[in-house]
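Sharing a structure here in structure tokens format.
Read from first to last, the chains carry the letters A, B, C and D; within each, the first residue is number 1.
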Amino acid sequence: MKRILVLLLISPMLPPASAWAADGGQVIAIRAGRIVTVAGGIIENGIVLVRGGKIEDVGKDLQVPGDAQVIDASKQTVVPGFIDAHSHLGLSLDALSEIDETVQPIAAEMQVIDAFDPTADALAKAVRCGVTTAMLAPGSRNPVGGQTAIVKLSGGSPDRWLLRQTAGVKLSVAGDVLMHDRKPTSMPGLITMLRERLDSAKSYTAAKFDPSTEVLSRLVQRAIPAYVQAQTVDEVSAATNLISQYNLQAVITGGDQADEVVETLVQQKVPVIYGPLLLYSKDKDLKRPAKLAGAGVKLAFSSCSPRTCAADIRTSAILAVRYGLSRDEAMKALTLNAAEILGVADRLGSIQKGRDADLVIFDADPLDASSRVETVIIDGKVVYQRERT
Amino acid sequence: MTEVKSVCLGGIFLLFPLLAASAGAERIAIRGGTILPVSSNPISNGTVLIENGKILAVGADVVVPGGAREIDARGKFILPGFMDAQSCLYMVDGEPRLLQGEPDWNVTDGLDPFIEGWEEVLAQGVTAVYVAPPAKSGIAGRGAVLRLNGARTPAKLVLKADAAVKANLGVSLNNQSSSLARLNDYADLRETLIETQAYMQRKRRYEQDLAEYEKKKGETGKEDKKEGKKEDIAAKEKKPQDLKRPDKPATDPAHEILGKVLDRKIPLEITAHRMQDILNALRLAEEFQFSLILDECTEGYLVAEEIARRKVPVIAGPVSTSFAEVPQVEYRNHDPRNAGILSAKGVQTAIGVGGRDGLSSKFIVTAAGLAVANGMDKDAALRAVTLTPAEILGVADRIGSLDAGKDADIVVMTGPPFDTASQVVTVLIEGKVVYERKPSP
Amino acid sequence: MKFRSSMALRVAGFQPAIRRRDAFDTWACLLLCALLALVVPPCLAYGGPVRKKIAIQAGRIIPITGAEIKDGTILIDDGIVKAIGKQNDVTVPWDAFVIEAKDKVIMPGFVLAHTSDGLDTPNENLPEVPFLSTFDSIDPPSPFYEDSLRDGVVAMLVLPGNYTLLGGTGTVVTPHGRTVEDMLVKRYVGLKISLAPIQSTSRMGHMQRFRRYMDDLKEYREKYDQRKKDAEKDKKPFDEEFDPRKQSMVDLLDGKLKAFIYCAVAADVPKAIEIIETYKLQAVLVLSPDCYKAAPLIAEKKLPVILDPQLVVWHTNEEKNEEEMKVVPQIFNRAGVKFALQTDTSSYGRRYLWYQAATAVKHGMNRDEALKSITLYPAQFIGIDDRFGSIEKDKEANLIFLTGDPLDAQTWVDKVMRAGEIVYEKDKDERLKKLLEKPREKPEHENTD
Amino acid sequence: MRIHRVLLILLLISAVAASAAAQDQVVAIKAGKVLPVSGEPIDKGVILIKGGKIAGIGPNVTIPEGATVIDAASGVAMPGLVDARGVRPIRGELNEQSDEMTPAFHVSLAIDPKSKLLKHNLQSGVTTLYVSPGGENIISGLGAVLKPVGKTATEMIVKDDAALHITMGSDSTYGNDIPWNSPPTNFYYRRPGTTMAVAWMLRKSFFDAQKYAEAHKQPNPAMEVLVTALKGGIPIRMAARRAIDIRTAFRIADEYGLKIILDECTEGYKVPELIASKQTTVVLGPFYYYPHTFNQYSEGRECNWNNAGILAKAGVKVVLSCGADPDAADLLTVATFAVRHGMPADLAIKAITVTPAELLGVADRVGTLAEGKDADILILSGEPLASTSRVQRVLVNGRTVYQAEQ
């Protein structure tokens, strides 16, 4: 019985190999005016060859096979699909409370995938704006919120869209956790509680089975990463202290004021999934992502959807560029950095041989607000094509 | 003699600076840039000439008189100042937002000219905003167009007071279903307008009665005089009992304002998200013949033809739901393509930021850019944040485009407005440089 | 009452202070006083000092309106200052009673231009109650008045609180007396208008209410006048009474009453100015600390101002990430605005007017100007400067005797003189003793042991 | 791109280097008068600062070449103030409400380094303050000593877990629910409901701790703290306002052989001899004329303005503090008025500098101006206890952290 539970809890880490077999051997060739490979620089007037849902090759003078379906994007820009690195996309229609199991503060056994609706309208909207992958996380009202998942926004059967059922565990040291009639009610209470639980996870043995501690024990063994929600300086400091104390493989999410303790983050090599950049921020706050990236922190963007629209991780990147982030860094934050932080860079985040063919074609520079998404391809399949009028 | 001389000299010295001030100091020429006048085609390497705060001339071959101050805009873009028609900039912090207002509430009473952060909005090239009382149900009150001129009194901030009366149809208060609000708002609004009709009728009748009374009184007075002290019964009978000064009906400020709406002197701006509410607003406008402005209009794309047919202008709501802190239930069918579709179908469409915070207004150009990304025509989008809102709110004679005779509210940018890299370099309001970009260190 | 009679006795007898008085003695004194109070008609009780002519020989005199005088003499006759000057320059009449105060500093008693303390409920729930008067709400036994006297305040304008739109009219009292009639200096002074919206409504609704009231008033007045005119024309008797609830507002509009307009945030100041100009009011602004932002506007309109008891506020400079200290009196002083200072009891220091003035001086304000802001200016603002606020010939002798410099924290008010009569003496202040000394062991405690 | 990053890193490194240089920088303050508190006042004194510490103090200290000179010829220099019960730079709850006994509540984990209160406090001259947990639990936890400079709480803290806080009286009873008000499943359905229960639960905690010290199966951080406190490893501070609570505090302390420090002590003036006989230091504050908060109404109505003076006269070591009240007058004003009401001036100055420093166990670093101490210095425009004196400059660790506008 326990074994079965364990199996249920620790879900398959990799989807079956059939995930992209559906499209068989179809070949697509995209003639692009500009290819932003992210990992290998920019190729002007190049070709991306896609076969069986994977990128077969990318380069300037490639041979296009005769049976290939050719997409002419010779005046356009091809980029890797964007990754929303921290979101609640498709988890609930409008009630944010759906994503927090707050009855008990430690909810490590909760799996966010169980609340995910792959047919939600919001997914299609996100795709239309170039988002192809999202990390789904529980909310931040529990010290331990549950297990995160990584999904592609392609829809269809789960073997197509499910990348990771347990991608990590969401922790939170943000003020949202504190409620007046549930333990913990105070910041020290919260930190102490997390410490106690992580301590007991260290000495966890399967003999004394406890579903929540089981998951946490994987966390302290660095088997899975922790996504720690922390916004203000004191919260980020508390998070970094916890991370170093338990030697966690961890990522800060939110990180509103993380730039003010950037030295620690650089030293501990903790990446930040920033944001969302709210569309009523002060100039001072809009400059923060640039500061983080400039100091050498690995940066990705979060939409926290539905707090903001998932499509707006691109808006976040555009604003960050307007306020000092370099275009290269912004592009990386939307793609490769996010893939690396989530541990899926072997498949996503760049246009390289062998990577998944998750591509977005823009009519102009994707980091200009007015640029349009023309085509979105996930696993080699065109999932969105802009109507022309 | 010497005394006289010195007096004369003194007089000259006194006069001189006055003359100099009136003659030379008020002329500015912005030269060498690409002008996007919005109202007409772009002009490359053009000049905008400003005198006494007004635009004197715009064109490629404008002769700049001597003594004018020159602003070098070579390689830059010159545009009219941007306008956010859905702003809450300058609203007093912490004002309750979930209340019902009344027609005679005036947004200028809720303004805080000392608010911080407006400079950040100005620095993005926004020179005017339209603000309305924030109430979410029923009639909210009167809105005004404001200028970001740094004035410390509401009176000086206001470009146009009573630009519109704002009302709501079916806006939810707490992210719950708004179906009750929908019924309630519609019935209330209609009832109030019917009451106003009755009020106006009473008022007109009083005016007629008063005129008649004055007339009759004058006549009887004359008769009295004519007949002198002769008091015959006929004359008494002529003086009927009801020749009394008619009672003035009590003035009701709320109905006074709505009366102006019914007389089409002030437009009624109705915030409506769902298709049903939009149609209800159109129906009300038809019934009462007021001039309608649709605000937010989230599901407008579903009934764009209908709106276009009635020639009702729209201030299209937030392009992205990210502008609102917590998405409302009304945004369920939100589509970022809304503004583009409305505009393409021929609706006069302005774009508003629709943010929860005054600072959101600084993203108006980004919002227009996002509308372009979602299908709107570039020129229409630029117009939607400059001339169109000015037209809708009745200030197009003053601002909104670069045309001779308009106020010199001008923005100089380093590049085209929708490019991320473009920065605002100079902002003028009424011909005064109110913002200049500091060279980055 | 009890206090004053005993003082009068003391001055008459000029005995040295009785240091210790046993319980019986106190009670006897109290009884005697109560009897006196019954016997002596109130008008006589308020009628003036026992001594008509008094000469105070002071170590130092701060007259406020003139230069300080060292070793000076003040001559008082029937409660009125008849002469003030150097000891050598003033001849003391042979029949004058001389008060030796060589080690004391004499200055005019402090004036508080605006307070709602000491009212049982300062704010009425209904927003439009201009017909109310604080006269009916002043609670003489309130410790606030006792403390004020102890702290050297001789006159104060008691106005309704800050959260009623049209709150009512004020009363100037002296913080000494058994009944409000005893305390009265001037009735029907100032009308309180508050621009702070009560919680349930917004600023827009608040102003709408105000405008509607004013429009209704105008309409009522016009109709009333019309009826009156018609009656006169028709030679009919006209005995309709003008609505008494509206009278104070009419007096305000006619310039017979001053408006005291409370601004809760800086944004209210332009509105207050708009109201003042629209209705052509005589007005004093009562400001919250935030209003320092509007100092230039106020300076431009040359409006008198009463500052909030909180004199230092903080402004967050987002760019520099610093907290900037804003000293409100300093800002208004630099802008050239005349102001009066207020007190409250929230924290140490702020309950004393002299401490408020010292805070202003601490941050660079001119000392004379600071002293004026707690004496002469408030007296001017509330229209009692013909009697209070400075030591001048022909003004009432409303003085305080200080043990040292007024702005020194170790200085105490030794005596307070109200119209030539000593109404407070520190030596006799039993309550102050109780507040500062170790309590005596209780007798019953001894019994049980 | 990369060059940018390199440049930025270089900039960062240079910034760090610059701050290190600032630490090594030599600063000399020339003051019209120096009040070292530990010794006699020095007219026209010089304070020499090296590496953030005081390197020399006296009338004839030679100023080395290249030193930055702060000229305060008309000013008075004194040690930075120490608030032994300072404002709380904490966002949100001050107590962990899930239990009445939270000895392992580390207030240092709740400190918000961006707190505006700290910055305001610093400008009024407080350079060291003790942050205590809130008083809503019987044993509410461990306080920390910090200096209000630094980017993170870790940088700010001078001494963590500096004392254990216990609150006597009825404070901890408020909010606890009675069964007929709400179901027993309610979070706040628990003891204490009376001051009797407060005393009983406190006794029981110490009793349990003694048992725990003898033998235990699993380590319990809360018990560890209590055991350390019982052994005298952590000072115990008990807040008591009424005389009866002060007596109870001493009674329980005697039962367990504890040495305590009394906080608040509003009615201490009623029992000065008792307090003096226990050789207890008292941390007074908040000070008020009339009660205006709930706590003051409930148990602090009978305040004596001269509480400090009466206790000092009886031989009690008195510390003046703002009483963790963010709206309180600043510390210098508190001392000024303590003197006005009857406390000797020299004791009042000590009560906001050296006495609290000793109490907090940081007297080796702050509280007086002497060689080797931290250069936490206050420059005033006049005598510290004059109401017209103004804080002109504040230095912490030798660096100017606040300078008044001229």
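The rule is short, and it goes like this: contacts are C-beta pairs under 8 Å (C-beta built on N, C-alpha and C of every residue); 3 or more make two chains touch, one makes a residue touch a chain.
Quick caveat: nothing in here was measured; it's all calculated off a predicted structure.
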Original post:
Based on the averaged CA atom positions, which chain is farthest from chain C?
Top reply: A
Original post:
Whole-Å distance, chain B centre to chain C centre, using C-alpha means?
Top reply: 47
**OP:** Indicate the whole-number Å distance between the mean C-alpha point of chain A and the mean C-alpha point of chain B.
**Re:** 42
Original post:
Taking each chain's centre as the mean position of its Cα atoms, how many Å separate chain A from chain C?
Top reply: 66
Original post:
Where the centres are mean C-alpha positions, what is the separation of chain C from chain D, in Å?
Top reply: 38
Original post:
What residues in chain C touch two or more of the other chains?
Top reply: 318
Subject >> Sites on chain A at which at least two other chains make contact >> reply: 282
Original post:
Which of the chains touch, listed as pairs?
Top reply: A-B, A-C, A-D, B-C, C-D
Original post:
Which of the residues in chain C come into contact with chain A in the complex?
Top reply: 318-319
Original post:
In the complex of these two chains, what residues of chain A are touching chain B?
Top reply: 93-94, 96, 125, 129, 276, 278-283, 306-309, 311-312, 315, 318-319, 321-322, 365, 367-373, 386, 389
**OP:** Using the touch definition up top, name the residues of chain D that touch chain A in the complex.
**Re:** 1, 4-5, 8-9, 12, 90-98, 102, 104-114, 141, 151-154, 186-188, 221
Original post:
What residues on chain A touch chain C, complex-wise?
Top reply: 282, 284
Original post:
In their complex, what parts of chain A are in touch with chain D?
Top reply: 175, 178, 180-189, 191-192, 232-234, 237-238, 241, 257, 260-261, 263-264, 294-296, 326, 328-329
